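What follows is chain A paired twice: with chain B in the first complex and chain C in the second.
Now for the complex of A and B:
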């Protein structure tokens, strides 16, 4: 697991239904913000990249997804420094992390319904 | 209690809203600062605003600046809830008059703890001004029993100081005060903050409602009065609270 489910449950005060809903929201959010970030990198738009990645920061911290959070923070730092040289590589790594998280969410939801 | 939550991040918005709703708050969501301002155009009837900082187009600080321009909006307490935990952002928020700062990620207990402490601190305060100590105590008792926070002053000068340093949302003042009388106090309050409603109190048949309203007051309470009269008059300015208590009884 690339995140800490118990940490998410602490945030929701133990509400499993809310945790489930939040995971579903995040799945969509991952796709949307990755698309925005990739477009921003392609256009060399640091501000848009910063905004797209920043939106992921709080959710990733809330669910304790440390590897993805570190990548997001590194990308935010790149956007802040207006140096997008390594952005494409980092974004690729972040995409893989978010895909793994999405797979984890599906697994957890499967366990919850059984 | 009605809270406006402003966040462009759907995950954070859902989390904050769900926690607040679970604790019986009435929550309105806005996904941008512009959407928040639209909600506030429709109604300023909010007890608290919880806003993110980093949002596209108009950020949380710009929203705060808009809110602090004046009028009723400037009196709604604001808590910033953001992933920006640096000292500079916190200080910027404080300079813009925020009542609280939450750094994401947040948990349910942290959020509710902050919301309750801010609401307690900024709860509507009614200023009761009369040199009659018994009346002061009686009015305070009636209002406090109905969950209002009451500040008392024995004279106009002290009352004016309280208006300037406390979050006073309504004034109940005797006309016959020693020193600065009720009409002078009324003029001073309206000059300082015209949106604060002032209800003057007078002994029976000394002044009519038309006379005090003509002088700039919002209403008149004739003494002696019934407990329910005070609550009804005050309740006109706090409709939600009054309704909430009606449901409880």
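Now for the complex of A and C:
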């Protein structure tokens, strides 16, 4: 599991339905912001990259997704420094992390409904 | 003899002596009465010396007038020369600015397609390819990245040359800058099998005032060089305070790399200079990194020096150490050690999520549920995840919540309703939280009220937070959103009689 479900539950003050809703929102945000970030890197647009990654940062921290959060922080640092040298590599790794997180969400939601 | 008081003559003459020589004289003739007879008394005074003096004076005057005319001519000529030099200087400055502007613009124009080339190459590399195609594309990728490095250096150098770099003096967290640098190199260092370590003296304060962006850029340049020129061993960043006044920050970046020969150390800070041609051929780069670093450090009124021993160390090469001394203002005497421990703990396996603000859950804050009953709260947040979480928590506290997804909508909502509290995100599309707050405060001045506005921000530095306060916000809470922090903040701004203990 690439995130801390208990941490998410703490953030929602123990509200499991809210946690479930937030996971579903995140799934959509992962896809949208990854697309935005990849386009930004391809176009060398640091501002757009920062915006896309910044959008993910607080949610990733909220759910305790440490590896993805660290990648997001590193990408945000790159965007801030206008140095996109390693951005595509980091973005590839972030994509894998977010895909794994999405799979984790599906698993958790499956457990919640059974 | 009686002087009749009548001067009849008083004039210069030239008389001839018996020997034939001529003598200039002053002739005076007066009418006098001698024994009752009126007589004419004539006197002749030799004024040869006077005349000689007069002639010399006239000659000197003419000479001086000649000199004066000559000086005036020279002054006019010099003025023309100065004017021409000034013009030439202005032309040179203009040309230099034009050159720097051109380089900056061209670098920027090249960067954008280069990023596309690199990004797309990377995307193609993630598809199914033959071994040969993959090898070719990896060469394209590596060359593109090298070219981008060169362009970035030229862009920075041009900006400095054009005087477009402004040095800030703001309060910031030193550890955050150091960690950002570490994060940046984490992967590259790992790939090369190197160790990057940071040693921070416990006396180093947690927060200082200087320019965090430039400090970061300098460290990135120097550590980047160390990574580039080190094949084996480690790169060490040390941070200490120097001097009795403890206002000089001493940073040193040392490595176990190839080192710099003694004869090359003096020119390592020159533009486009590397240790030697072999270095350029083997490692590439513009040789601008250290130049840019030195220029930035000098703009920050600091110094940089380089040391590289001639003998070889046990590991790797002789290594290089760059020493930087920067004047900083210490804004908090709180030592670094507490932050350092936090980093050490996170590196020792603790969740680094704690570093961005999440702390273990404190005692339940459910006894504050209902604190917002009968109160209306405006939540301004564009991120759906954050908005839904915050709305749920605010409602749990009893608030009626109205939401806006950008600053413009927030201002409109604020003008058409009455709120007890506003929670405002900072970065939003259309209109950001700073502008929206300023407009709300302008509106309030005419309406004669003041509603607490709390920033919800992931911005970490005090300078960022100060910017929130400067925009007219009353307070701030950090993201990610935590119920206990929200509650603590709300208690400060809602009426105390509504707090249900």
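The rule is simple: the second predicted complex is superposed on the first by the 114 of 114 C-alpha atoms of A that agree within 3 Å, B and C clash if a C-alpha of one lies under 4 Å from a C-alpha of the other, contacts with A are read in each partner's own complex, and residues count from 1 in each chain.
FYI, contacts are C-beta pairs under 8 Å (C-beta built on N, C-alpha and C of every residue); 3 or more make two chains touch, one makes a residue touch a chain.
Because the structure is a prediction, the values reported are computed rather than measured.
Trainee: Determine, under the contact definition given at the top, whether A:111 touches first (chain B), second (chain C), both, or neither.
Mentor: neither
Trainee: Which partner does A:11 reach: the first (chain B), the second (chain C), both, or neither?
Mentor: After superposition on chain A, A:11 lies in contact with both partners, chain B and chain C.
Trainee: Have a look at where A:70 lands relative to chain B and chain C in the superposition and call it first, second, both or neither.
Mentor: second
Trainee: Quick one: classify A:90 as touching chain B (first), chain C (second), both or neither.
Mentor: second
Trainee: Can A:38 be said to touch chain B (first), chain C (second), both, or neither?
Mentor: Touch status of A:38: second partner only.
Trainee: Between chain B and chain C, point out the one touching more chain A residues.
Mentor: Counting residues of chain A touched by each partner, the higher count goes to C.
Trainee: Kindly classify A:22 by the partners it touches after superposition: chain B alone (first), chain C alone (second), both, or neither?
Mentor: both
Trainee: Residues on chain A in contact with chain B in one complex and with chain C in the other?
Mentor: In the superposed arrangement, which is not itself an observed complex, chain A uses residues 10-13, 15, 18, 21-22, 25-26, 29, 51, 54-55, 57-59, 61-62 for both chain B and chain C.
Trainee: Which of the residues in chain A end up touching chain C in this complex?
Mentor: 4, 7, 10-13, 15, 18, 21-22, 25-26, 29, 38, 41-45, 51, 54-55, 57-59, 61-62, 64-66, 69-70, 73-74, 77-78, 80-90, 92
Trainee: Can you list the chain B residues touching chain A in their complex?
Mentor: Within the complex, chain B contacts chain A at residues 8-12, 14-15, 18-19, 22, 54, 56, 83, 104-109.
Trainee: Going by the contact rule at the top, pick out the chain C residues touching chain A in the complex.
Mentor: Against chain A, the touching part of chain C is residues 111-116, 118-120, 122-123, 126, 145, 148-149, 152, 180, 183-184, 186-188, 216-217, 220, 351-353, 356-358, 361, 366, 383-386, 388-389, 392-393, 396, 427, 458, 479-483.
Trainee: In their shared complex, at which residues does chain A touch chain B?
Mentor: 10-13, 15, 18, 21-22, 25-26, 28-29, 51, 54-55, 57-59, 61-62
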